[in-house]
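Note that the chains are named A, B, C, D, E and F in the order they appear, and that numbering of residues resets to 1 at the start of each chain.
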Amino acid sequence: MSIEFLVATAIGALTAAGIYLCLRARTFPVVLGLAMLSYAINLFLFAMGRLVVNRPPLYAKGVADYTDPLPQALVLTAIVISFGMTAIAVVLSLRTFLETGTDQVDGVPDQSEDRDPGDRT
Amino acid sequence: MSGLHVIVEVVIAALLLLGGAFALIGSWGLARLPSLMSRLHGPTKATTLGVGSCLVASMIYFPTHGLAWTAHELLITLFLFITAPISANMIAKAYIHGLKTRVPELAEQSDVMPPVPPNATDWATFEMPKKDSAPDQE
Amino acid sequence: MQRLLPHPGLSLLLLIIWMLMLNAFSFGWLVLGLALAVIIPLFTAPFWPDRPLMRWGLPLLGYVGLVIADIVVANFQVARLILFRRNRDMRTCWLIVPLELRSAEAITLLAGTISLTPGTVSADISNDGQYLLVHALDTGDAEGEVARIKDRYERRLMEIFR
Amino acid sequence: MTALIAVPLLLPVFAATASLLFRRRRRAIGAAISIAATALLLCTNVALVMQAMRGEVIAYSLGDWPAPYGIVLVLDRLAALMLILTAVLALAVIVHAVLTGLDRKGWHFHPLFHFQLLGVNGAFLTGDLFNLFVFFEVLLIASYGLLLHGQGARRLTAGVQYVIVNLVGSTIFLIALGMLYGVTGTLNMADVLVRAGDLPVGDQGLFRAAGLLLLTVFALKAALLPLHLWLPRAYAGAAPTVAALFAIMTKVGAYAIVRTGPLVIGAQAGAYMLPAALGTMLLGFAGLLAARHLRPMAAYALIGSTATLLAAIALFEPRALAAGLYYLPHTTLSAALLFLLADLVVRWRCVEGDAIVPTPEYPGQRWLGVLFLTAGVALAGLPPLSGFIGKLLILEASLASVWAPFIWTLILGTSLVAVVAFARAGSTLFWKRDLTPATAGTGVRPNFRESAPAVFLIVCLVALTLAAGPVTSYMEATSEQVFDVGAYVKAVLVPLEDG
Amino acid sequence: MIATALHIALGCVTLAVLLNLFRLFRGPTAPDRILALDTMLINAIAFIILFGILEASTVYFEAALLMAMVGFVGTVAYTKFLLRGDIVE
Amino acid sequence: MLALMAALPFLGAGCLLALRGVDRNGQMAVALASTLGALALLLIHAPPVLDGGTSAFSVPWVPSLGLELSFRLDGLGLLFAGLILGIGALILVYARFYMPAQEPIGYFLSLLLLFQGAMLGIAVSSNVLLLLIFWELTSLSSFLLIGYRSDKADGRQGARMALAITGGGGVALIGGLLLLGDIAGSYELADILTSGDVVRASSLYPVALVLILLGCFTKSAQFPFHFWLPHAMAAPTPVSAYLHSATMVKAGVFLLARLWPVLSGTELWFYLVAGTGLLTALIGAVIALFRYDLKAILAYSTISHLGLLTMLFGFGTPAAVAVGVFHLLNHAIFKAALFMNAGIVDHEAGTRDVRLLGGLAGLMPVTATLGTIAAASMGGLPPLGGFLSKEMMLEEAVHTTWAGWLWPVPLVAFLAATFSIAYSLRFIFHVYLSARRDSYPAAPHDPSLGMWAPSAILVVLTVLIGLFPAPLTSFIVVPAIGAASGDIATSFHPKLWHGITPALIMSIVAILVGAIALWRHAILQRLWDRLGVPEAKRIFDRGLEPLVDGARSLSGVIHNGSLQRQLGLLFLVAIALGFEAIRLGGYATGGRETIPAPASAVAAWILLLAGIVAVVKAQRQRYLTLIYISIIGLVVSLAFIYLSAPDLALTQISVEVMTILLLLLALNMLPKTPRRLSSTPRRVRDGLLGLAGGGATGWAAWAIMTRAPNDPISSYHWERSYAGGGGTNVVNVTLVDFRGFDTFGEITVLGIAALIIFALLQPATRGPSGQRLREWVAELPHSPERHPMMFAVAARLLLPLAMMVGLYIFLRGHNMPGGGFIAGLIVSIALLMQYMASGFEWADQRRRIDEHSIIGFGVITAALTGLGSLVFGAPLFTSAFGYFSLPLIGKFELTTAMLFDIGVATTVFGAMMLALAELSHIAQRAHKEEPVDDNPMDIDPGRMLEADR
């Protein structure tokens, strides 16, 4: 088993779980799904710089091999942004629940939470 | 290979083994002990000590191997020793609160409720001092 | 002076930690550390009103040493319990420790000590602040244990916190 | 190259922070700053257009780090066009918002508004893909705030959907960027093109996949079938004034497709886009005909007309693109106009909200009717307004394509549908009278100044029509520039002195 | 000698973490799970230290430091939620 | 000049709208002035045109499209323009007197002028695209004019119907003319007219022809598009007279004439145009006989006559064109007169229903005389204009064969003529000549001069044309014919007496039969009513309503506002396109060797997967999912550490806890255990989608990780980091320098997020949400202790320590892992600990900085740092650093990047604080059983002791 394999499978699992949760009918699991997806993305972006053990990108004269620093910078930016976004999603779902009394993503009453609201006749 | 160096090596190795062992023991206790209050004993001590000895080991290791000596280990240890009891305390509070309020998932718990303290008071988790007797009105 | 250094002890602690954190000593860092050691307490002082008077120095150091020693020793006991004592033979029980200490800081320190030293975890305090609820993993006589705690730790803390 | 190119980014930042500091006391000052900054932005962008009209691509490397290693801002005709369009729209919207007191309906309208502008302008100016992502996020998060401005159950629910969909979109965006970097080792658009040339065959698939994922994200922003479902609810849920500003957002998606098409995605993307665009057109105008309220109507009009634009873009061919580019400002401004009118209708008639139902006569109704007629004419693409010329251009340019029969049928058919829809809505809203005295609760004197921004937009449309000659020639030059990737690369990637 | 000790220690910590995982899922009470998570975090710190020694690098220690701090905050938040529902009041 | 002529009516309309406080006469004067002015300009251009020449004028407009503002006046245009302006002038006068005295007519007249301008444009524009513009404008203005009586339902419906039909035709015409121009290679009429052979030979000719004919037929109300015209009669009578008889409806015929040299002369043309014309002529005439409403009768008669005109142009012979042009003139004259006449009757007798009229001859002699003559001309009775053109029409019909047969065309033409005589006689007799009634809706009398004079002029004209056709008309008709048929030599000899011709015989028979039909009208009417011909409007509605319903159901089914659907499709599209790309682009495995995984890594991996599964499974206990998700965060952080990304680890760790706290704060108010979960099939479907997406992403990651990097640009960053960026931590240098602009955007996002959270939660205590908050009851039983003592004490000690660490992390960030963002988070966490321990109120009183300002300060600092470099003439965001040394202190580094990083840290701190402050602010509002006191710790033995003393 290689580290690459572990990371790739982990990314896959996180993405799968994220997608599944994002497709739930209530805001809370959807937010969890978004969190999952952002884990997956952070790992993915990071992996795009290829994996290296114990070569942190701290410049020193004559050091030839190092981890690609750029993806790390991108991931940092991505982490921060997705954190801000998640925060908004969380607060928004809370606020919407307080306003409408339902935590259904489509804002429909609780009876039909597992249905597209359009399916209601 | 000076004698001192050998001793250092031995000490470091011993500390590492000790650390690993205690970390394992603590978690083992957590895994096997029958109820939360007893499980609480494992991590709060064993694990803390385990980490502590690892930290000490590294604190010795780096300077003795021609690397920069850092004291972050000290800081980490300090943090752990400050926080571990508090975490334990909060967890215990949450637990006895659960005991008191009979959350269904505690059906099979094997802990007994703590005894009531003397002279008509109760534990802080269960009850606040009566407002009239409460001193903080000024 | 009081207004410039609201927590002399804290400032000292911070300075020490600062110098420890740095990998290499330099006078510039020291100056910066001094500045921080003054500024940070100034900022955090409002969050720590009415501090108790403490005796810095030997008693405290002694206490710390004692506790560390106890931790090491007692951990082996707990390890033995965890590894070799069967659950049903475990004599767990609740202890109620009457307190003479009065300052929150002191009591917290005591409770922390109790939790770190093996066999006992401090779980709660009574709502009049006079008793400490402690859980013992395995003890023969509760009274003895309580007495040990009061004698070994609380007494020393009484000296440190006036 | 002067730093003028960065003014469209700095101005909003300072305007936003300034109005943030003026949020509580002296709101008037905040509003004044906000409007002034927007007007100033318009002037700046005029200057930038002048610069762009000289014809060469202007690159400005931030931090003095040469592209592709640093982030580079690129100004060409296309970027300048989008910038000035944004500024015009923004000016109308902000004035409308202040006149109607929308900015006082909730917190932080002005800061959010200018951060939105920051995001949009940044997206138009940057030549770096990841920086594009960052600005997408800026404009999105600001748009969340603006969408939710004023709140209320309906708006909040719409907001939840909008936010979540776009978060997922950003996720896909990042995956695409990651793959691009992983395969090509760069983030600069021009550099991607250069390196894509000598990619090993085994990497082509991954490279293309990244491109198509980008396309997916941009199509989501541009509301292209089947990724347009989010739009009606979101835009109809937002305050109409805000929705008017959002008319530019779908164009950001369109812009991104035009920009990255020749550089990153590749023209083969058109094969997927064109059918989707035609389908979107159909659904958009079906929604237009079906709408029972004015705001959804405007939302569907936006979808439909944007789809018309996307159909032209999807041909990935200079003449068609030029035609589309002429149509772009038209659809943006006229859709925004309809949203502003929806707001005025809601405000002036005081009953029935934006429902397309007859109401008792109310002051200002006839004036609104005239404005609505103009908007309808514009959106249906009837003469004498620019929509007609735009459609003629697109029809003529698409004649060569094998898809011509479908494009023609849909563009002409949807025009008719739009005519019918607007005639129905207009005659119900402004001709039919509800004579039952029960609902007669209207009669507040409307403030006709409130319609000034709408009139301003109409004036812009008229100008776009009268100046069709020069404008179209600008657009032709623009589309040639877009397809002349060689010049773009040459301008952006300055050779390093030390390799 | 140190190397072998290190690897043994690492093995112990790894095992410990798996034990924590068991307790984390087994529960039965929420405090049990919090405790398990807390312990898992402390073991992770140990792991980081050992890894640092193994790779002869100190750059990872801040991470450990931060973990100690943050883990505490997390644990308190979880318990406070159980006790009060509201963690900042 | 030509352009000015075309523009004048528009200018007039503009003036009318602009002018305020001008009385009716003034408004009429303005309108007349612009019309007559245009007429004058027309006459100035006339002479050369009458000699068979043309006068043209052109300015470029949209060269790339070939759309020019080019006008061209030839014979046909001159005739048509003359009609438009001449009759237009009369109509304006008529309208002035017709419209009710109390209502303002400015708007009405301006609409009329708008229409006039558009029509004029059609007549004189020589660029077909320009013609299209005017064409659509006529549809629009007629829509507005028909709907002028907007309070009447039939007005609105008539207007919508007219717009739908003519607009639809217009759309078809757009296509047709574009194709035509494409075939001919130019949109200039001059070029198109000369390229007839090319056009007719083109493969696209049929398409273009059909599309163009659709435009003409709808405009000119040809069967089956005729039905909008009668409904257009809801318009005020001047409109009917002007648009729907004299001019607009002739636009279609005019275009037929205009393009006749290009399009005519083919089988397809003959059968389509002549056939439609014949049919329409007959149907219109028949229906006209059985209508009661005067205007309806006239409308159907108009349809019928338009049919005749269409037929004539359809014949495809120059002679027929000649007749067509001549009849176009005649019909315009008498039909306009008749509409005005009907208007007068309506106006004075108070009704247009023939059943209530009759015997008006004695009551309103002038009107009766005019009406009778005009109607006679319509019926084609000698010696009037109508008679001449009808004779010639029949003559042409006789010589036209249909698919080899001689009889069909003459027969139908004869029938049409017969019926038209019948309804004309009916108009005369049933309105004027029959016995006088004893009561009418109003007291009929002749109107004022201004009202009947215009029609009188037209009646005189039709009489004169009948008597002296050649001298009066050929000077204008001949050039028109020349222009239409393309050859000047066409002979045109209108005479009253041609001798005994088949046409004459047919006319005589027609007159007799028509008289009989009128004599026995009652019977025929009963027959007709029993026939029950379908009502056109119902047909139209039956066509339109399904369209709307279809649109409604389609849109309703697809745009059902479901988030899940949109997300599902989004994932699906992304996955599908990804696979598609790999399929097309091909794929080869990479050669980069992989890193063997140690046991600990595998264990971490197991941890992660277990955590993921746990989170997904624990849907019902949301609190637990929050505990489980920490496992994932932990493992990810460890992965970052293990894979040499300390900066990432630090950030991940601190962001992690913030996220958890946020979720806990929110979850407190959200439902803890959802009642129901999704249905199983839906779960399976989503699961499969998830697996596909996860598989694809994981595979992509694997594919790229296992191939060698492609000379990434980051090598440059590595080399320049210290030399050019003044820092050894390349990641941080990248963040604050190489890509500082990204970071700037990123902190902006964070700041905005905080602002939005504030804006969201601030009003949450009002309205329904506030109601819910007040009624909110905790789901779980709560412990009364708010601020546990031990935690409070510990927090007090940890606060300064944490701040120290934060500052340290910040300072070293440029060279070692760390930096502004992490520092900001650490400080926020430290402070947050204080909030948790001692309560929001208590802690907040001790921190008196407004978060908004902090955020603003942070963003501004970062921006100004970026801007600062301009001062030194360097591009934006250019960083500078230097090593300084002070006595005692020694050598130290200062970088602008650090200033930038301060901005970062400040923004982060402000954002965190603002968000948390608002969230706990909400919680404060929620219903609590015990009152809030603001003590830092609930049990404080020391305090209690003092209290006891």
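The definition used in the following text is that a residue touches a chain if its C-beta (ideal position, glycine included) is under 8 Å from a C-beta of that chain, and two chains touch if they have at least 3 such contacts.
Just so it is clear, the model here is predicted, and its values are computed rather than measured.
The set of chains touching chain C and also touching chain E is given as B, F. Listed by label, the chains touching chain E and chain F alike are A, B. Number of steps on the shortest path from chain A to chain B, with steps defined by chain touch: 2. By count of C-beta pairs in contact, D-F exceeds the other of the chain pairs B-F and D-F. Every chain gets a centre from its CA atoms, and the centre nearest the mean of all protein CA atoms is that of D.
When you average the Cα atoms of each chain and compare centres, the chain farthest from chain E turns out to be F.
With centres taken as mean Cα positions, chain F sits 74 Å from chain C. One simple way to say how far apart two chains are is to compare their mean CA positions; for chain C and chain D this gives 62 Å. The centroid of the Cα atoms in chain A and the matching centroid in chain E are 23 Å apart. Note: centroid distance chain A to chain F, computed from Cα atoms, is 38 Å.
Residue positions 130, 134, 137, 141, 144, 148, 151, 153, 160-161, 164, 168, 175, 178-179, 181-182, 187 of chain D each touch two or more of the other chains.
In chain B, the residues touching two or more other chains are 21, 26, 28, 40, 42, 48, 68, 70, 72, 75, 78-79, 82-86, 89-90, 92-93, 97, 103, 124-128.
Within chain F, residues 556, 561-563, 565, 567, 571, 604, 642, 646, 667, 697, 700, 704-705, 709, 712-713, 717, 738-739, 742, 746, 749, 752-753, 756, 760, 768, 780, 783, 785, 789-791, 794, 798, 801, 805, 816-817, 919, 938-940, 943-944 each touch two or more of the remaining chains. Across the assembly, chains come into contact as A-D, A-E, A-F, B-C, B-E, B-F, C-F, D-F, E-F.
Contact residues on chain B toward chain C in their complex (touch as defined above): 21-22, 25-26, 28-29, 32-35, 37-38, 40-42, 44-46, 48-49, 68-72, 74-75, 78, 81-82, 84-86, 88-89, 92-93, 96, 111-112, 114-115, 117-119, 121-129. Chain A makes touch with chain E in their complex at residues 53-54, 56, 58. By the touch criterion given at the top, residues 60-65, 67, 129, 132-134, 136-137, 140, 143-144, 147, 150-151, 155-156, 159-160, 163-164, 167-168, 171-172, 174-175, 178, 182, 544, 547-548, 550-552, 554-556, 558-559, 561-563, 565-567, 569-571, 573-574, 577-578, 580-590, 697, 700, 703-705, 707, 709-713, 716-717, 720, 737-742, 745-746, 748-749, 752-753, 755-756, 758-760, 762-763, 768, 852-853, 855-856, 859-860, 863, 866-867, 869-870, 874-879 of chain F touch chain D in their complex.
Against chain B, the residues of chain F that register as touching in their complex are 780-781, 783-785, 788-791, 794, 797-798, 801, 805, 930-931, 933, 935, 938-940, 943-944, 946-948.
By the touch criterion stated above, chain E contacts chain F in their complex at residues 10-11, 13-14, 17-18, 21, 24-25, 30, 33-34, 37, 40-41, 44, 47-48, 51, 59-60, 62-63, 65-67, 69-70, 72-74, 76-78, 80-89.
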